[in-house]
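Got a structure for you, written out below as structure tokens; questions coming shortly.
Letters are used for the chains, namely A, B, C and D, taken in the order the chains are written, and counting of residues starts over at 1 for each.
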Amino acid sequence: MGNLKLTSSNGNNRRTSVHVDGVTIGRDFVVIAGPCSVESETQTLITAQKVKEAGANILRGGAFKPRTSPYDFQGLGLQGLKILQKAKRETGLPVVTEVTDPRDVSWVCEYVDMVQIGTRNMQNFSLLKEVGKTDKPVLLKRGMNSTLKEWLNCAEYILAEGNPNVILCERGIRTFETYTRNTLDLSIVPSAKELSHLPVFVDPSHGTGRLSLIESMSLAAMAAGADGVMIEVHHNPSEALCDKDQAMPPDMFAGLMKKLQVLGTCMVQWNQERECQGLVRPQ
Amino acid sequence: MGNLKLTSSNGNNRRTSVHVDGVTIGRDFVVIAGPCSVESETQTLITAQKVKEAGANILRGGAFKPRTSPYDFQGLGLQGLKILQKAKRETGLPVVTEVTDPRDVSWVCEYVDMVQIGTRNMQNFSLLKEVGKTDKPVLLKRGMNSTLKEWLNCAEYILAEGNPNVILCERGIRTFETYTRNTLDLSIVPSAKELSHLPVFVDPSHGTGRLSLIESMSLAAMAAGADGVMIEVHHNPSEALCDKDQAMPPDMFAGLMKKLQVLGTCMVQWNQERECQGLVRPQ
Amino acid sequence: MGNLKLTSSNGNNRRTSVHVDGVTIGRDFVVIAGPCSVESETQTLITAQKVKEAGANILRGGAFKPRTSPYDFQGLGLQGLKILQKAKRETGLPVVTEVTDPRDVSWVCEYVDMVQIGTRNMQNFSLLKEVGKTDKPVLLKRGMNSTLKEWLNCAEYILAEGNPNVILCERGIRTFETYTRNTLDLSIVPSAKELSHLPVFVDPSHGTGRLSLIESMSLAAMAAGADGVMIEVHHNPSEALCDKDQAMPPDMFAGLMKKLQVLGTCMVQWNQERECQGLVRPQ
Amino acid sequence: MGNLKLTSSNGNNRRTSVHVDGVTIGRDFVVIAGPCSVESETQTLITAQKVKEAGANILRGGAFKPRTSPYDFQGLGLQGLKILQKAKRETGLPVVTEVTDPRDVSWVCEYVDMVQIGTRNMQNFSLLKEVGKTDKPVLLKRGMNSTLKEWLNCAEYILAEGNPNVILCERGIRTFETYTRNTLDLSIVPSAKELSHLPVFVDPSHGTGRLSLIESMSLAAMAAGADGVMIEVHHNPSEALCDKDQAMPPDMFAGLMKKLQVLGTCMVQWNQERECQGLVRPQ
């Protein structure tokens, strides 16, 4: 189904690394954190500082929010991008934001270090081609009912335009379960790595939609072989303008970062054992 | 879930009619027919002539094709629109084509009588806003895993920009069934009519993906209360560049049109009985 | 997937008829009607009389109810079967009831003319084998997430034990839509008839779970080629012990029966046209 | 939805332990391993010995196999149970097998230490009640499209009959993904533990259907907080009579066991940190 000549791993173990202003995705485990949407300068700067202190590598923040209803908060747009820029200056963290319209791609790229394609736009082929014409890293979220092959074909749209810097990001699929907002599909992590050389991220915040599940799913994502996680953090979740049920307060995020470090050490030990045995990583 | 102040039926029986260059959708049963994609002038003109003779009301034909793989046929673009225009001049049939990029909306509208938003773009909010700024009729397909409420919120995006001419179109949802390409959800027809005053169409070609099922599903759509169906017809299905398994040859289409007419008479009889009994239509 | 040697149509147009105490399923359109569950003698006898007067062919009524919670009403059991028997004596209508346990099959068959396998038990292979050892007609409901092939394999389990009297019954599948209780898949009707010679029924009551949708879905089922429908009727829906949102009052049921008759006449006309043209039914 | 008075955690952190002939589920991480089905004495005894050596705690093996087609291998029945008994005598491992018919429950319980309810029988309420009347531990698999609440209601059926020894087991749900056989839903592990005090297992063999994914999903299951995993191991996968694509050879299983031990140590470290901080486990 579809020609994946650029996206496919072609059956070998070659892995791609993507460089996001000094952070290398695809080598060490990377944590992206920050608010769902940029709501104000204060909110963004405080949260950015908190996630930086806890050890996050990249700052996230939405300036253009695709919302189910036309009457919901749609993001601050350009103003939000300027706030992200300021947060970067203050913390040194590279920033990533979602882009939703092909007409916005070129100028949004001036403000951020990585652009995100959201789940609803996974098959927005005009948008994919437009980010493919830049050389910005692209975080390509999986469509909420997309198969792996469809997702990889979307990566192929970007690579085919000349931009090799694509990171796949699982964010939960729609299932019949109602307890969680979506069903986080962690098996897609090793599956995507079998078929493709691209790095694979996991977003447990949207993937579960429940604060109480994010920690265990982040740890499970790392254990499953993900190259990183993206966590929604808000300095004051009860006041968040969107997705407040899944916004993690900074202290809980700091606790999660510590556990990820412990697990990281454990995984180094696995890899050493594997090397001792002359085994390669099963990707 | 979402404010549907413009899309909602508000519990009364008011129905909206949409006028497409002389054809009124929402009053009599309307049939849109034509090729999946405009492949050539010859193919389009022959097919247009055939569906006109059989009694179709509007001609369809894709000039921009959203395809899973970047390497598949993506449509003829402007050239395709010019062919559609010529087919309209020759047959008198109004034409509808899909638009996929907000940058294309204004100029594509110069060539066609109705624009279609495809299933993958149902929640492409930039595109919805752009067609909302025109006064062209918009055929809004349901996302392949969209709920009714999400779909109606997308109609609301268009109406909120000032364009009241929206027709909803069910085109099959993704299910676990593999015998059919999608699962045509006919219960969405009376459901959408309960919640909204907008006309509701059905696309049994994409909805089933199997030629042998299209006739019975078209008849069932009419019996379920749909305002019309959209059928893919190709003068030579075995040579179709896309979706050849669901392309209907002209003679089969003519047979279907006759059955729809018989059923239409039958439904008039139902409505008369209902009026005799002083009943209103259960929408 | 699976050997369907007994269930398959083997590509020809042979259709099977199943005889239910004088009613032939697979020839004329058959309507099964009655309460979701047998609640009392009065409720059952009144409802039976009403559906008989309106023209129903078979009476339904549940004596063993598979319920999500162990604390919900589980049916009257043997007492319910005796009430069904009495209703049959008074109305002359054959009766059908669900059986859920292989240990109950032989004795339940003494009381009814047809047994039903419910959606949750479609792949209860012990139960399928047990009804396969009788010669009672079996109404085999489709599992709520079953594919067509899985369903036909379940019919094969029954036929392989020696009982050829199987009727398939679509009752709605689970999808992401929340407006309806299930999504009635009418395209499975012509699909099942392509692959199998068995009759195909539709249950729009469970299939939609909304009273206001049952009439249009019944008509659409007939137009799609179904061999009959099964409708939940209760003489006083507001007091029904289960599924009260989908229980149809007798007068609405009588109105539906009239429309089905009109549509039936229309379909005879289609078939005559087809015969005039020398065409066979596309099954 | 449903009264879960016995199954619910009632919001507190009380956890239930289930004792399976000397193995305590719900305390340390437990590994169940063995063949999909008992095919022969040789195959079962060799595999049992291998998984015992690698550190497995309980032996699995199917004697009654629910198969999609009536013509597929249905298991050895009583002969299979006797082979399992012999394997237990030789290795000391407790044994678990699936039961599919309420008529089999009492005598099957004579041969095994735990019975399994398979995914197709999750809502086979007669079967649930029958195992509820024993005091055998019951491994209750989640239905392949079941919600968490429906699953817990099935546990409630067992507990309501008097048997408190229920272990929940996630085995993958049906989604649109075709790369994997099912989609393993690891977020159900912490979710089930929020709502219920029962132990939660994970079956990554059926959950993925691909040998190459089982290791990473087992590790992820442990990181997500599962009480154990169930792995299909076959001493010679290429000759397995069922599910050969997911059967793990013994040496790969031994490697997995080592990694689980490393991860187990890591998780002890997490818990110690948590205790140092005065935090309780977020279940």
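To be clear about the criterion, contacts are C-beta pairs under 8 Å (C-beta built on N, C-alpha and C of every residue); 3 or more make two chains touch, one makes a residue touch a chain.
Worth saying up front: this structure is predicted, and the values here are computed from it rather than measured.
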| item | value |
| --- | --- |
| Same vs different contact residues, subunit C with subunit D, by half of numbers used | same |
| Chain centre separation in whole Å, for subunit C relative to subunit B (CA means) | 33 |
| Whole-Å gap separating subunit A and subunit B, where each centre is the average of the chain's CA atoms | 36 |
| Whole-Å separation of chain centres (CA-atom averages), subunit A against subunit C | 48 |
| Residue numbers of subunit B (touch at least two other chains) | 145, 174, 176 |
| Contact graph of the chains (line, ring, star, complete, other) | complete |
| Subunit A contact footprint on subunit B (complex, rising order) | 1-3, 66-72, 100-103, 120-121, 123-126, 144-145, 150, 153, 156-157, 160, 174 |
| Residue ranges of subunit B touching subunit D (in the complex, touch as defined) | 174, 176 |
| Of subunit B, residues touching subunit C in the complex | 145-149, 173, 175-180, 183-191, 194-195, 207-208, 210, 212-213, 215-217, 219-225, 255, 258-259, 262-263, 265-266, 269-270, 273, 277, 279, 282 |
